Structure formats: C-alpha cells, structure tokens
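Scrolling down, you'll hit the structures one after another.
In what follows, chain A forms one complex with chain B and a second complex with chain C.
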Partner chain A sequence: MMKELFPMKQVMGFIFSLVLTAVALMVYFFDMSFAIGMTILLVTAFIQAGLQLVLFMHAGESEDKNAIYITIYYGVLIAIFTILGSLLTMVWTYQFQ
Partner chain B sequence: MKIDHSLPLEYSTDENRLKILGFWIFLGAEVMLFATLFASYFILSGGTGDGPSGAEIFEITPVLIETLVLLTSSFTIGLMVHAMRLGRQKAMMGFFIATIVLGAIFLGVEIYEFVHYVHVGAGLQTSAFSAILLTTLGTHGAHVTFGLFWGICILIQVKKYGLTPRTTNKSFIFSLYWHFLDVVWIFIFSFVYLKGMM
Partner chain C sequence: MEFFERFAIPHPSPAIYASMVAIAVVSIAIVVGLTYFKKWGYLWREWLTTVDHKRLGIMYIIAAILMLFRGGADAIMMRAQLSAPENKLLDAQHYNEIFTTHGVVMILFMAMPFIIGFMNFVVPLQIGARDVAFPRLNALSFWLFFAGAMLFNISFVVGGSPDAGWTSYFPLADNEFSTSVGTNYYMIAIQIAGLGTLATGINFLTTILKMRAPGMTLMKMPMFTWSALITNVIIVFAFPVLTVALAMGTLDRLFGTHFFASTNGGMDMLWANLFWVWGHPEVYILILPAFGIYSEVISTFARRNLYGYKSMVASMVIISLLSFVVWVHHFFTMGQGAFVNSIFSITTMAIAVPTGVKIFNWLLTLYKGKIVMTTPMLYSMLFIPLFTLGGVTGVMLGMSAADYQYHNTMFLVAHFHMVIIPGVVFAMLAALYYYWPKMFGFMLNDRLGKIGAWIIAIGTLVAFMPMFISGLDGQARRMYTYSEASGFGIWNMISMVGALMLAAGFALIVYNIYYSFRHAPRDIGSDPWDARTLEWATHTPIPEYNFATMPKIDTYETFWDSKKKGTTLFPDKIEKIHMPNNSGIPFIMGIIFFLWGFSFVFAMWIPLIICTLGIFACMAYQSFENDHGRYISIEEIEETEKELGGKR
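For the complex of A and B:
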C-alpha cells in the first residue's frame, strides 16, 4: 500500500537531486578556480532543471508535448540571450576595448 | 463535457488539456522574468558601494535548509500527482499538506534571512548589490507566498469536491508551478549563493 505511493522513478529522481546539490556544494567547501567552480555549478544546475522538467513536471506526456517543449525552449533561449547579452555588453566589455 | 477516460483525470477534457498548455506558456514567460532579474543581478552584484558584499553576508546554514526543504517539497508535490492518478485522495491530500508545510518552513527561513541581511546593514537601499539581491530573492519569495495561499485554496476544493476533472486539473497545474519555483531556486542557490561564497 505504501509502496505504490512512492514510485521508484520519483524516489530515484529525488535522491539524484540531493546528490547534485551535494556536488554543487563542493565549490563552497573546496578551494578551486573560478572557471572550475562555475563549470560545476552550470552543469549541476542545468541537470537539476532538466530533471524537474522531464521527471516531475511530466513535460512530455500529453499530446501537447511539442507545443510545451517549444515554449520551454523559447523561454530558455530568451533567458540565455538576455543574460549573456547583458553580461557581454555590461560586464565583459573590457575584453573588447 | 466530453470526458476521455483513457487519460489521467486532469487531462480528461479538452478544456483541461488546454489549461495545462496555457500554464506552460505562462511558465515560459516566468522564465524570462527571472532571466531579467538574474541578468541584473550579475551586472549589479559588484556594486556594493559602502555596503557589505555577498561573501560577507551570506550564511550557508539557512541557505542549505531552504534548498533541502524546497527540494523535498518538490518531491512531495510530485508524489501528490502520483497519488492523485491512483485515485488515492487521502494520500494525495497528505502529500499536498506536506508540500504546503515545507513551503511555509522555507518562507520562515527566508524571512529570517531577510531580517539578518537588514540587520547586518544590507537593506533594499544600501547598494546596487543589496537592492538587486533582495529584489531577486523577494520575487521568488513572493511567488512562494502566493503559492501557499493558492495551494490552500485548491486543497479546500479537493476536500470539498473530491478528485474531479476540475480539482485534479487545478492540483496538477499547482504542481507545475511548484516545481518551477524549485527550478528557480536551484539557480538562485547556484549562481547567487554558491557563486557568491566561492
């Protein structure tokens, strides 16, 4: 009775998200260069987000699957353009002078 | 109302299916909203003026508690949807209540954190950094606060009407919203806190 309420897939997803959090925490507990630290954070954060989207949010299960994924890709694309574009013009400018 | 019994209840009518699609489109817009906040944060986070920097005011313990609580609540709301699809109303409501309680704990810790920031001299008007920090965290916190009230309203409807195409649809959409807030928090945790303390 209890077991059917805790499907393996979701429990594993939860454990995996805890592991990813622990990996991300390494940048706090260990000394490392900015580049390595940011790489770890980018990788763990995007895997976490993907995990939530596909596993927990059931993004791909209905007949609107394509429309849902296009919406997400579009939102993420605009997000990346906004963030990278802002960094490019206002933070990293010194590289191009 | 045409009900398709081959699908989970929350998808069982065309209206329900379109409401879920509509909510995804709303979440796409929310992604862009938070992107502008993150972009502003990355630009302004160096502008500490006379105020403290992130490394000076961030505390790992409350941040870790918030992260674990929110991750767990994302797990319980996922179990809520699973129990709902099994038709187990009691279990579904239990997971729903657990999610709301965890959300309230998260909010409590975040309020403590805000009081701490103001106490150590990083208020909304101290510096560009403190302003954008509190705005970004506050926008996420406001979403959680709204989610708590929204969730309680849906919970009352489930209690009153049981698992119907309407209430399951609302509960499912709430679960999407809650997972989304968890995703946003993952990015705040990584690129505001951990990056700031690195």
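For the complex of A and C:
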C-alpha cells in the first residue's frame, strides 16, 4: 500500500537531477579545459531537460503522448539542423579553409 | 519644443507632407462618421471586443486588403521612378525607404494576415468546431498584429521610415549607418506583430489537433486544414528565431550591445543567418496555405475528389522539414565557400520535388474532372503555369555557382514576385471570391471577376518577365536609378505598364465588391458552389455557434457524401451550447502595445515603463477574471435555426 502511494520515480528523479546539477557545478570549481567543461555542461543539460520533461512535466502520461513526443522530436531535429547549419556556415567553414 | 523635434521627418518631401494631411483628414472623417451615425457602441460590441473566429478572420482580411493598397502605392512609386533612366521622381533616400516598407508591408502585413484571416474563418468550420481552442488569445493575436502593422505604417510621417531593406542587414541597419529611428520601427513593430503570429500558431495547432468533430481522423481532414496544420507547425518553430534576432537587433540599436556590429567581437553576418533561418520557412508559411486553398478550389470545380490525398499530405510534411534546411541559399555569396554552398544547393533543389508532386496532383485532379470555370477556378488555372515560371527560376537561383550571377539582380526580384503573386496573391483572391458568399451572403460578380483575373495575370507577366532579362543583363535590385547607356530603360518601361495593369486589376476587384453589393441577389442558399467540405454545411449567415449539433464524420468528404447519398451529417439532438464571452482586454492590450512600441522606438523610457506595467496589469486582470463563458439555450438555438431555414 505504502509502496504504491510513495512517488518513488519522482523522488529518484529529483535526487538524480540534484546530482546532475552538482556535476555541472564542477565545471566552475575545478580547473579543466574548455572542451571538457563544455562537454560536461551540454551532456548534463540535455539529460536534465529530458528528465524534467518526462518526470515533472508528465510528458507521456496522457492520451496524446504520441503527439507530444512527435512534436518534441520534430523540435529537437529542427534545433539541431539550425545550430549545426549555423555553426557550419558561420564558423567551421572558415576554420577548415 | 526640443522634445518634439525627435518626431520630425529627417528627409521630408511634399508627398510626405501631403500624406500627413491625408492621414489626419481620414482619421477625423472616421471619428466624425462613427459619431454621426452613432456606431461606436456597435463597433465596440460587435467587432472590437469580439472573440468570434469568423469576425476576427474578416478583420484580418480587411486589414490585409488595406495593406495591399499601402504596399501597392509603394510599388507604383518605385516602378514610376525606374520607368525611365536618370529619373528624378524620387531621390535615393526615398527610394530606399519605399522599397523597405514595400517589402515589409507586403510580406508581414498583407500576405500574413490574408492567410491567417482565411485560416481563422475557414479552419474551425472545416473541422466542425465552434471556435478555436483559445478564442481570447486569438483576439489578442489579431490586435497585436494590428498594433504592429499600424506602428510600422506611421513611421514615414513620424520620425522617418526604415531604409535598410526588408531584410535589414547589419551593419547597414546599425546606428552608424541608419541614424534615424526608422530601423527601430522595423525591429519593434515586427516584434509586436510577430508575437501575435506565434500565438496564432500555438492556437491553431491546438485547435486542429484537439477540436475536430467526432470521427474526423487526421487523414480525413480537408486539405486546407492540413495545410494550416503544417503551416502552424512551421510558425511555431520559425518565429521564435525572428523574435530573438529582432530582440538582439533592438539591443544593438538602443542599448549599445554588439551582437551584429562589425567591431568588438560582433558578427554582422549572424543577422543575415538568423533572418533567413526564419525567412525561408516564412516563404513556406505563405505558400502552404495558398496550396491548401488551391486544393479546395480545384477539387470543388473539377467536381471530383482531390487526386493523391496521401501524397499531398506527405509532400507537405516533407516540405515542412526541408524548409528548415535551405536558408543559406539566400546568401551563397557571403563567402562560406563551395562545400557549404553545395550542401545547401542540394537541399534547395530537393525541396522542388515535393512541390512538383503537388503540381502534378492538381493536374491529375483536373485530368479526370468536369471543370466548371468560375473566378476562383480561373485564378487557380492561371496559378499553375505562372507559378511554375517562378519555381523553375527558383531552382536556377538555387544552384550556388550560378547564383553568383543572379544574386541581388532584378532576376531575383522577378523570381520571388513570380512565386508570391501567382502563388500567394492569386490564392488569396481565389479564396476571397470563393468564401465571399459564406462571409457576406452574396456572390461577387463572376464576369467582372474573370476580367480582373485576366488583367492581373497578364499584368503580372508584363511587370515581371522583363526583370528576368534586365536582371541577366546586370540591373541590380534596390538601385534608385540607372544610366541610359545601360539599355535597361525599355524593360523598366514595360514593367511600369504591367504595374499599372496590376493596379487596374485590383481597382476592378474593389469595383466588383461595390457592384455586387448593390446588385447581387441575396438568395443564394448556403452552398452556392456545390462544394465538398464542412464549412459549406453551415447556414449562411453562419450562426455564432457555427453548428447547432456536432457533425459526424466518416469519410474525407462527408458533406459531399451526405449530399449525394442522402446520409445524415448531423444525427444529434440540439443541446445547450457553451460559448466564450466577448472581452475588451485584447483590444486594450493592442492599444497599450502600440504605445509601448512607439515609446520604445523613440527611446522614451518613462512611457515605456508605464506601458509595460499596463501590459502586466492587463495580464493579471485576465488571470484573475472569473469568466466561465455563457450558454445559449435550446430555445434560442431552435429559434435561430428556424429563422435560417431549419436545423440541418
């Protein structure tokens, strides 16, 4: 009974998101190269965003979860296209020429 | 006095002073007229505070037509200036201002409200809904658009027009080279209207996904609704980029940041990049609803179902993705090199494929159909060959190596006018003729309509085909004059003739509205075209609740089937209907946003802060307001239905 009422998933998620925040903070407190720091920040940020979306904004718990996930995938895809494309035309192309 | 100096025009001319007088006179005439005929109350109750999607749609369309004439006046002035070499009608500065406002007005304040207006009017009817998902937000969208449009339009009489092109490239658009407040108007007016558009996108996405009549699965939606769905997806993903770019541009101009400056670590070409990340999807935001209109019109007047429904849907979904990966084709010459250009050349040419699929589907629909040549159908028939000219030249521009020759010449100008006019404007005119009886209860005259369509089509060709030639000969765009020796004179003179034909064509449409208002019969029934989709299953005039009972959908053309096979579309009994109340908040917020924008343009911080507080006050009021809408009783519905000729 107690077990069913206790929001295990949410509590674990909350702890995990705190851990992610702590890991991201390490970039500030420890000395590391720009590349490593950026990688840590990006990875933790994306996991964090996904976690919040699924656990605390309840994506996937309602009937229209397909619509929600399709729009999220679509949005992520567009964002990736836009960012990589912009980097390619504005930055990378000049570095490799 | 010093305070008021900022509102003076930096570069005046008699024509601008004349416009000031004209604007003042017209405004006074409107106020006097409304007071004299005691129409203020009517205006407030029925229009300014309305949340009804049909009325908002009509207001969008009226605004779009007004803006068409503003933009058209700009166009005639430009063509007149260029009609002869070394002409002195306009000077360089005025020419710059006019091509800038022409572009912004036509794309953002004519084409956008036109399509959004028809989306408002048609989509809820086509899916059997009583309104959009968030009616009050819908009203706010309209008033934000309207505030933005009006703010932009007064620029030329208060403080000076923007003059850096509709693309407003930095560093030209920065304070160093654009010293008047003109470009502030650009940044802030478009921002306000853009917020409205973004809200529309979310609103219609929700409406189409959540409010379809029972039985209408996605693959049973009418094609215009499909195109609206895809368009709104693109709006939701593209407009935030514009929002951010405009905010950064505003910061650069008013708060001394250097995002787009060429010094201090700024990146001037980042503006071009962000602008086109929004800008290319934007051209598809314009063209997809137009395609939706053509699909409806062609299948109605070919008297058969649309050929290749699934491939139509698939091609739009593919277009929605591809439209986000081609933007670099607008600046192939920026210097990013052959590798990057090749990638974007390929994606650009790929997007012509799904577009071609749609063209073939329409042709095949016609091939097996029994064609009835009405005015909307005539526009659709003229669209196919003319748009193909624009599309093919688009593919030519898409080849990056070749684009070095065409870029920023009149060839480019000819390309985008040949896609936008036959593509978007013809569709909007077709829709105007097609939906006019539903909106106003009488038909527009078909003979005048057809004459107008021919004049406009021939005018388009005469105005823009010569530009392909003078462009290939090297005439640059956005130049206020050229020498006699260049030999461009003859082509520009021909263009001028075409522009006058276009003006005559539009004038004929206005005359047609007047003529039909006077003479057209009013007993046209509710389905004068013998059409196929749900919007024609309503009464004319449409009662505010659209459908007394919910239609039951089982095929993609249930209304048509119900007419042919005699099945019942509305099986349910009448129940009381829940409707939203009118609200003055969206209109008031529109006014505050206008003042907010105006203060921002002139960097008047105290009024800006007051307006900002006003906006938040409206939002707070809205949040705490306890308004659960109202019910229309069964008796009242029965009464209305009886008056309109019986419940369906």
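Criterion: the second predicted complex is superposed on the first by the 91 of 97 C-alpha atoms of A that agree within 3 Å, B and C clash if a C-alpha of one lies under 4 Å from a C-alpha of the other, contacts with A are read in each partner's own complex, and residues count from 1 in each chain.
In the analysis below, contacts are C-beta pairs under 8 Å (C-beta built on N, C-alpha and C of every residue); 3 or more make two chains touch, one makes a residue touch a chain.
Since we're looking at a predicted model, the values are computed, not measured.
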item	value
Joint occupancy of chain A by chain B and chain C, clash or fit	clash
Which of chain B and chain C A:L25 touches, first, second, both or neither	first
First, second, both or neither for A:P7, with chain B first and chain C second	first
Greater chain A contact set [chain C / chain B]	B
First, second, both or neither for A:D64, with chain B first and chain C second	both
Contacts of A:L88 with chain B and chain C, given as first, second, both or neither	second
Which of chain B and chain C A:Y74 touches, first, second, both or neither	both
Single chain C stretch clashing with chain B - from 258-266, 312-320, 384-392 or 600-608	258-266
Contacts on chain A seen with chain B and repeated with chain C across the two complexes	64, 67, 71, 74-75, 78, 82, 85-86, 90
Of all residues in chain C, those that touch chain A in their complex	209, 233, 237, 241, 267, 269-270, 273-274, 277, 321, 324-325, 327-328, 334, 336-337, 339-340, 343
Partner chain B, residues of chain A touching it in the complex	4-7, 10, 13-14, 17-18, 21, 24-25, 27-28, 32, 34, 37-38, 41-42, 44-45, 48-49, 52-53, 55-59, 62-64, 67-68, 71-72, 74-76, 78-80, 82-83, 85-87, 90-91
Chain C partner contacts - residues on chain A that touch it in the complex	64, 67, 71, 74-75, 77-78, 81-82, 85-86, 88-90, 93-94, 97
Touching residues on chain B, where the partner in the complex is chain A	7, 11, 17, 20-21, 24-25, 27-32, 34-36, 38-40, 42-43, 60, 64, 67-68, 71-72, 74-75, 77-79, 81-83, 86, 88, 91, 175-176, 179-180, 182-183, 186-187, 189-191, 194-195, 197-198
